[in-house]
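There are two complexes below, and they share chain A, which is joined by chain B in the first and by chain C in the second.
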Partner chain A sequence: MSGSEFVPLSLVPMLIGICVAVACALPGNFLLLRRQALIGDAISHVVLPGIVVAFLITGAATTWPMLLGAAAAAVVAVMAIEAIRRLGRIEPGAAMGVVFTAMFAAGVLLLEQSDTSNVHLDVEHALYGNLESLIWLDATGWHSLADPAALAHLPVELPRMALTLLAEALFVALLWRPLKISTFDERFARTIGIATGPLGLALVVVSAIAAVAAFDAVGSIIVIAMFICPPATARLITNDLGHQVVWSVGFAALAAVLGYVLAGYGPLWLGYHSSVSAAGMIATVSGAMLALAAVFGRHRHRTGDGAAL
Partner chain B sequence: MIRDALLFQLGYNATLVTLGAMLLGMAAGVGGTFLFLRKRALVSDAISHATLPGVGLAFMVMVAFGGDGRNLIGLLGGAAVSAALGLLGVAWLASRTRLAEDAAIGAVLSVFFGFGVVLLTMIQTMSAGQQAGLEGFLLGSTAGMLRSDAMIIAGAAALTLGLVLALRRPLTLAAFDPGFAASTGLNVARTDLAMMGLVLAVTVVGLKIVGLILIVALLIIPPVTARFWTERTDHVVVLSGVFGGGAAYLGAAFSAALPDLPTGPIIVLVGFAIFAVSLLLAPQRGVLSAVLRHRMFQRRVHLRQGLLALAQGQPIYEPLTLRLLRREGLALPDGVATPAGRARAGKALLDETRWQLVRQDPSFEAAAAHYDGLTPIETVLTVDQLDEIDQRLPQPHEVSRP
Partner chain C sequence: MGLELAVSDGQAMDDHAARMQSPLAIRGMTVSYGQKPAIFSVDMTVAPGAMTAIIGPNGAGKSTLLKAALGIIAPLAGQTLVFGQPIRRQRHKIAYVPQRASVDWDFPTRVLDVVMMGLFPQLGLLRRVRAPHRAKALACLARVGMESFASRQIGQLSGGQQQRVFLARALAQEAQLYLLDEPFAGVDAATEKAIINVLKSLRDAGKTVVAVHHDLSTVSEYFDHVFMINTRKIAEGPLAEAFTERTLQETYGGRLAGAQMDQIGRALAAR
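So, the complex of A and B:
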């Protein structure tokens, strides 16, 4: 395929897919080890009411109010889950289930009740986004990457996702040691003076930022898959946290590229004439990787299981 | 209009759907209780999302064999098969690999759902797929439902409810105390399997009414709500069924009566409203009663400490203590005891002194365990025991003159 076709149509969605996948996989590693893997699931459901409320207040589908609305909804959800868990003495899984379904239901209802016919806002879009539509029409080939006029019309999602990815990477890199210690041994972390409470909250907030930024571009299904599948895959092939994070980043990027290519061109190879959902395909590919690791991974068994040797 | 819907006056189809939703809500409430008590509420989320590829594949297979593709039994059958595969996937990942159950749930949920979305986009491009209406399975759609479909759903919901009720005893036993259940000869693994089978049935039957994203709410919210009202497992089961059935009935009726109210979200929100009321107002575990209990306890402690201070002639600085004493007529605004206050203070001091003697004597160990600084000692010791203690009280004696 020539650059004149690839650059405007496929390069940007692919890059956005990679950024989303990696930005979610980074905090996902720690959520996985802390048994908070489903936080990503909960957050990606609750941003819907936040976005709808932001839309109803501003009356336009603009980026920043929606991001703020989504972030506010995520914060409300985390607080509500904590409140219900403590006040009602209910196990966290059930508290989460109560909050995210109720908020998602509220979001759907608001959406159905309000007139959103003139903007691109519906439940299907929220669930599986539209990665394929983020094309860069001003590009004419590889040389456009050096052309300021064309670069000015890059889809805004790409720099935003790149920035999010940078923030996630900085968070993990700067707080590597405290994160690592508090994930594996929270009590020891407290004795050496790490504020484990605020750190845990920061991790949830950072995950929420990744989920919210990604949600806008690609829908919630990739977000949930990328929070869990690449870290889980990496977890099954290594015992070292550093290696796990590196592998998970690799798997996330690979899933994004492979999923995008398969969605765009796979059906053509099979004789169909149109592509399938890239978001769905990326999630599927990451699941296939996890399945392979679950069958063949070197460290797939719990340590202490006789079968591990 | 709403009244008509609530009284089943909106036509045969709407009535069937409302009845079906109510039966389904009851089945989900009862079945979800066991899931909740086993602390596995979110497994249902994986099951429900895993139905999507089954729906898509069933549609494609039916079209490939020259069928309509929209046959509800075929679609629900496909959903059941792929949901069962998803459930197996969760169980396999959680038991055979080092991944925890929550990671297994999230992985299965997102991957199956993602694959289902891929299939949906393929179906949209098929010539038969344009009006397949499979998106209705995401959030449920009961508007314009075929009569045959409505009858299937109502019948299946009734069947599921019957199954849940038939399996109630072993499920309760296994959910409440798995160890004890195993010792009575119950096969807990098989009971768990039956529980998951029920959850799967509820999910599949609920696809068309509530939709696969929100069906978990029907399994989670009613048991959590019921738990606020009672400490007994069998009561939680019954109440959860009532709350689930009530929410589904009200939600389905509102949705049938008013425009632009999708059934699934309305049912979930009605359920959440019942939950919120319970969280606030439940008699024992509710927030309001907890706050009131805390306040009452606080006042008793302050009053007691204030009386002891009065008895020993110590000044009181704590404003709440002073206010409570004044309101009870036990002290004047400047902290000086009234006659009634002196009487009560003397009583409190006597009580406290007796307690101290009891707590020093090992032979009163059992009684001393009741000491909390508030309980009057007469409620713990017999009159004879009190006499024995009083023998040891310091006796008043004359102050010798210098």
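So, the complex of A and C:
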């Protein structure tokens, strides 16, 4: 494929896909080990009512109010989950299940009741996003990457997602030790002065920011898959947290590229005429990777075989 | 009347002085899980340079007392002083060993890594781990007889080995006060011996050791002070004063079986 076709049509969606996948996989590693993996799922569902409410208030599908609405909804959800967990004394998974199902349902109801038919806001979009539509029409080839005029019309999702990823990487790098210690042994962490409460909250907020930014670009399916699949795949092939994080980033990027290519060209290879949803395919590929690691991974026997005791 | 007042003032002064010098002085600690108090208004003044066993029946609040004192759980009321100062300024003087079962040993890390966690207060967020840090962590592992396990995945350890790794991490903290939550629970005899030897060497070096302990028959062999609790404090002090048949009966109520009482009787006699 030539640059004149690849750069305007596929490069940007692919890069956004990679950024989204990595941005979700990175905090996903810690959420997984803290048995909070469902939080990514929860957040990506609860942002829907936030986005719809923001739309109803502003009356337009503009980016920033929607992002703020989504963020507000995520914060409300996190607090509701904590409140239900503490006051109801039920396990965190069940608390998340209750909150995100209820809020997503409320979002669907709001969406149906409100007149959003004239903008690109519907349930399908919320789930799959539209990665393929994030094309860069001003680009004419690889040389456009050095052309300020063309770069000015780069889809805004790309720099936004890249910035989110950068901020997240800084967060993880800077707080690596406290994150690791408090994930392994929260009680000990507290006794050496690590503020485990605020740190855990910060991790959830960072995850929420990633989920909201990603939701805006690619919908919630990919977010849910990327929080869990790449870290879980990486966990099955290594026994070192640092390696796990590096591998998860690699698997996330690979799933994004492979999923995008398969969605675009896979059906054509099989004789069909239309491509399938890139977000759906990326999520599927990451699931397939996890399945392969579960069968062939070096450390797949690490639980349930009694070796730990 | 005036004389009595003076005497009780003198007593209060002594108590105050003891608390200010104590490695760990707890006052009025009260914790509740739900409706019932787990511990109620507990005072504790740990003797410096001693080995103290916290004993009491299951659910008496032994672990809860330590966790509340350290701020791991939020008490309803109560204060903790560490060497006469609020605990938040004295964290570097404390090493805490939680119950082995309270963490997920499936966590993807190695033995030496866990010991290095004890060096976090020195290393901070970003200071690089250098050869001396690694050497110190290895030396701590050697003290518990685990140096050959340094690069082992923690999920492969036995219960006793896990407990030794936790103790090595506490040693790496180079604290003045060591607080251990059931360090002998579910460990093999060799590990129990190794751990008690390390704890005794810490005491001999002038450190203070406090451990939640379950096995009444080894109390007088391992420890020199006891703190007896059953929701409320029952007794505290040197073995000879506090570890008596009367305080044991009061702590355990009718729950001590005859054979167990005989065992303790022998332990008391051998003291």
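Rule of thumb we're sticking to: the second predicted complex is superposed on the first by the 303 of 309 C-alpha atoms of A that agree within 3 Å, B and C clash if a C-alpha of one lies under 4 Å from a C-alpha of the other, contacts with A are read in each partner's own complex, and residues count from 1 in each chain.
Simple rule for what comes next: a residue touches a chain if its C-beta (ideal position, glycine included) is under 8 Å from a C-beta of that chain, and two chains touch if they have at least 3 such contacts.
Keep in mind that this is a model prediction, so the values were computed, not measured.
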Figure out whether A:Arg235 sits in contact with chain B (first) or chain C (second), or with both, or with neither.
both
Which holds for A:Ala80: it touches chain B only (first), chain C only (second), both, or neither?
neither
Pick one for A:Met281: touches chain B only (first), chain C only (second), both, or neither.
first
In this superposition, the partner of chain A with more touched residues, chain B or chain C, is B
Based on the superposed arrangement, let me know which partner A:Gln244 touches: chain B (first), chain C (second), both, or neither?
second
A:Arg190 in the overlay: touching chain B, chain C, both, or neither? Say first, second, both or neither.
second
Look at A:Arg177 in the shared chain and tell me whether it touches chain B only, chain C only, both, or neither; answer first, second, both or neither.
second
Given the touch rule stated above, what does A:Ala106 touch, chain B (first), chain C (second), both, or neither?
first
After superposition on chain A, the chain A residues reached by both chain B and chain C are 235, 302-303
List of chain A residues in touch with chain C within their complex:
33, 174-178, 180-181, 183-185, 187-188, 190-194, 235, 238-241, 243-244, 302-303, 307-309
Name, in rising order, each residue of chain B that touches chain A in their complex.
36, 39-42, 45, 92-93, 96-100, 102-103, 105-107, 109-118, 120-122, 125, 135, 138-139, 213-214, 216-217, 220-221, 223-224, 227-228, 260-262, 264-266, 268-269, 271-272, 275, 279, 285, 287, 290
Sort out for me which residues of chain A touch chain B in the complex.
32, 35-38, 40-41, 45, 84, 87-91, 93-98, 101-102, 104-106, 108-109, 112-113, 123-124, 127-128, 221-222, 224-225, 227-229, 232, 235-236, 263, 267, 272-277, 279-284, 286-287, 290, 294, 297, 299-303
Spell out the part of chain C that touches chain A in their complex, as residue ranges.
67, 70-72, 88, 91, 94, 96, 98, 102-110, 114, 117, 120-121, 123-126, 153, 155-156, 158-159, 169, 173
